[in-house]
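Provided herewith is a single structure, encoded as structure tokens, for subsequent inquiry.
Labels for the chains are A, B, C, D, E and F, by order of writing; each one numbers its residues from 1.
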Amino acid sequence: MFATSLGDDGAELRPLEPWQAEEFLAHMDRGREFVGEHIALADAVHDLDSARAFLRAYADKAASDTGRLYGIWSDGTLVGGVLLRTMDVAAGTAEAGCWLEPSAAGRGLITRACRLLIDWVVEVRGLHRVEWLASSENAPSIAVARRLGMTREGVLRENYPHRGVRTDTEVWAVLAPEWRAARGVPSGVRGA
Amino acid sequence: MFATSLGDDGAELRPLEPWQAEEFLAHMDRGREFVGEHIALADAVHDLDSARAFLRAYADKAASDTGRLYGIWSDGTLVGGVLLRTMDVAAGTAEAGCWLEPSAAGRGLITRACRLLIDWVVEVRGLHRVEWLASSENAPSIAVARRLGMTREGVLRENYPHRGVRTDTEVWAVLAPEWRAARGVPSGVRGA
Amino acid sequence: MFATSLGDDGAELRPLEPWQAEEFLAHMDRGREFVGEHIALADAVHDLDSARAFLRAYADKAASDTGRLYGIWSDGTLVGGVLLRTMDVAAGTAEAGCWLEPSAAGRGLITRACRLLIDWVVEVRGLHRVEWLASSENAPSIAVARRLGMTREGVLRENYPHRGVRTDTEVWAVLAPEWRAARGVPSGVRGA
Amino acid sequence: MFATSLGDDGAELRPLEPWQAEEFLAHMDRGREFVGEHIALADAVHDLDSARAFLRAYADKAASDTGRLYGIWSDGTLVGGVLLRTMDVAAGTAEAGCWLEPSAAGRGLITRACRLLIDWVVEVRGLHRVEWLASSENAPSIAVARRLGMTREGVLRENYPHRGVRTDTEVWAVLAPEWRAARGVPSGVRGA
Amino acid sequence: MFATSLGDDGAELRPLEPWQAEEFLAHMDRGREFVGEHIALADAVHDLDSARAFLRAYADKAASDTGRLYGIWSDGTLVGGVLLRTMDVAAGTAEAGCWLEPSAAGRGLITRACRLLIDWVVEVRGLHRVEWLASSENAPSIAVARRLGMTREGVLRENYPHRGVRTDTEVWAVLAPEWRAARGVPSGVRGA
Amino acid sequence: MFATSLGDDGAELRPLEPWQAEEFLAHMDRGREFVGEHIALADAVHDLDSARAFLRAYADKAASDTGRLYGIWSDGTLVGGVLLRTMDVAAGTAEAGCWLEPSAAGRGLITRACRLLIDWVVEVRGLHRVEWLASSENAPSIAVARRLGMTREGVLRENYPHRGVRTDTEVWAVLAPEWRAARGVPSGVRGA
């Protein structure tokens, strides 16, 4: 029922809900190798039940206002998504993240979707700080953080065990005033 | 993050979530008399806690795919909404409903929003039957059912106790083939 | 511990509880073809676990006062039952239903049991409206509604998917004053 | 809907359910002093909410088959009850108990009701052992145990704190073969 | 992180938590025959899942302050344990119990561990009565009760079904003043 | 029942459980100003109910193996504590923390307690990484991290809203090999 254009190439951001588990699984099957190189999502979503459980967990986060999940569709095909893995309204903080299947890489889809998401977090919800955690070996993810104008705040050493290896996790973040300044929004102005 | 235009007058359908409880309550306060004339919603939403609980109940229904709730905004103000009070995907049935504050009445907003909602129910979700229950004294609601091309299937006598009086409940419904025929969609074609 | 006579032929209405799952399943196995022709109960109760789960669901409804289930025994054999599928004390409404294995059909057992049940709903619990939903193809069930003095209020078209076919659902109901008038109970008199 | 006669004086055993909380509270108010002398029930049921909670707890025990509660009515007035405080079907054991308001004392109502209850426990449910715990100062309760043919198995010293004093708890019990022998039921015969 | 010496032979009492399920299962495997002769524990803990579930149940009892479980280690090997199967702080009562693998029998480990446990129950927690239930055929367990200075209060006849046979259950108990007198603690003195 | 010495001055680490809520609250009342300067704990524990709820939350974390809480007693008085705010056994990570009332400051109690805690996390539980988060204005807490041999990995800017001000959060951490090297434990050796 809802779709927000991500630009001139027909890509869209849409809600991604539990009833779409089959579509989500088919997408993950296409992107499993690529998506799974640096993050656990691909391994966690391996059949219809686990796909439904994953989407259900995020629907429950939405209901309790502690997280969100949205899909990116390109030419009518689900090709990736962005999410708020955690969201603490009282503390004014959230952690954003993303995934993409390889056929859709290289077009800036994630960056465009994240701009929408962070606009919502900062301007609509009034949170103060959006984090981005990425493996230090995940160059594309780090490039997104940089393009979003985030600051590299530190490296959590050997933090993330993935497929048998512990990798460092870089912590990037952008603060609301920084976001507004970069977007050209005068401070103090908050829309809905 | 999401908004679907309801027409040229700037009205929009948007998600309506628990974090919007204050906005929802203010809207209900404006429309309490009007909304409450025929349905229990106005009485159920009387302070911030009950507003949040109502929205949370529908967020939980969305998570379990058993209901939905969307708001109608006009010039940036929440003025009403449409909902799926129940939704039984296995049985292929749903019950739709609506509410509106008086300032927004007379413009066909509900009918327009319901068309979007039923399109989604029928074309995207593939349900077979959408019901509409209204007090036999609620002429505007019955007029919506008629405008949506629904058929009056019966009257549940003295079914609904509201503010001390039991009223009859009219049952209207539209079936998927009827909906598609009226919308000019060739049968057998289902989009997303 | 409890049994209420249904007449001179030794038939009785008794509580039907989760610990009786084996007896319930054996009964359902005898009546599966007959019971399952029009309603989902027979398909839902197909082994000991599902029999226990079904009875447990109704025991939970009894605990929360939102439904009831009773069995009909004939010569010591469980042959059918009546139930309140839903019960909304605040709204003053309930939906009654029944099932029977074929060996016990044709003796008016269901009608007798329903009279006891509706007497309780109307006279003891003070509800105002008792509904009865039946497939328009389920002639015996509709005959019961008629014998109970119910009024046919409408037909929910293609409402009920059962074994691959969608059937119409007839809605019948009796209101408390009607029930009392037919039973010869002066209005305003309510026993326990 | 159900009532089992306790004898020629019109006393009856009936289900006692959460919706009867008002009637239960009124009864407890009449018997508070008397009932509360030796057991905690009177103190636990002090207003409508606690009455409902108590009855709900036993309805939940019935649903999970771990306890039961029944009321005794005399001339249409609730005057007491019997219960299975615990019930362990796998272990074949249960603990029975009772309470009575003073107006109904001295007529053997509890003994008669307990006979029905233990018959059900032993003959219908097939449990092996029924316990009865009573304060050593609660002569009427101990007299019931004796009249039921139970054996005094021990005394739990200073076991039960009640209104500021710790009292001894006598443990009485009857085994299924003893119960059947005393009732004249040939061993090996079990009805429903 | 915690260990309390049980004497000069290096035996220790330690917390026993869900994460130790593997160690607990290996211990139970070694002692299965011996432990299972009189109590259900050995049959209940038969694989890793059931071992974890058993320990988790006691961790939940600790969280709600309704039970406790501790392990006995000898030379670094888990060889048995003591527990509070139930604990009712408001009533001032608890039921203690134990188990041991055969290699550790005959050294008084259980008695020593129980002394620590009952000291905590009586002196730290201020409970009044500690029960000990044992099969009348479980001579070692009864010997422990006797060594702990408990009094035999009764025999629950044919109370405990175990591996196809119903055995009598002896009830032993010690009261706080008795415990203190036997331990040489002046009444009225309570430490932490 | 359990206490581990923290050194020659009589200080001890002990379990801290929900039943100790009164003692915990009294301690927090003594240290409220001091404890509350940098962390939310003091504000969260303001009466008996909130004290019990806080301890209960950690008892539940212990039961699910996702956190731990221990108290520090000095001369029999609860003066502070250490905790694992989070613990992810599958990921091999945990976040440690602490608090202290002012009377006990300056004696190295926290450092000593943390050494015990991290030894358990690393050597007994086999986790790989222990984090320490502290406000950049909380010099004593940062000093502890440094004394524990942790490395400063980054600064989460304006991360923590406390009493109306957002402060930076420093992230420190120690990895298992580093911990063992500093403690003189040969790598590859893991005790219990």
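Definition applied: contacts are C-beta pairs under 8 Å (C-beta built on N, C-alpha and C of every residue); 3 or more make two chains touch, one makes a residue touch a chain.
Given the structure is predicted, the values throughout are model-derived calculations rather than measurements.
With contact taken as defined at the outset, subunit D and subunit F are each touched by E.
Chains that touch both subunit C and subunit D: there are none. If you average the Cα atoms of subunit A and of subunit E, the two centres end up 51 Å apart.
Subunit A and subunit B, compared by their mean Cα positions, are separated by 31 Å.
Touching of two or more other chains is recorded for no residue of subunit B.
Interchain contacts close the chains into one ring where each touches exactly two others, per the touch definition above. Beginning with subunit C and continuing to subunit D, the ring of touching chains reads C, D, E, F, A, B.
Against subunit F, the residues of subunit A that register as touching in their complex are 90-93, 128-129, 131, 151, 153-161, 166, 171, 173, 175.
Those residues of subunit E lying in contact with subunit F across their complex are 1-4, 13-15, 17-19, 56, 59-60, 62-65, 70, 76, 89, 116-117, 119-120, 124-125, 192.
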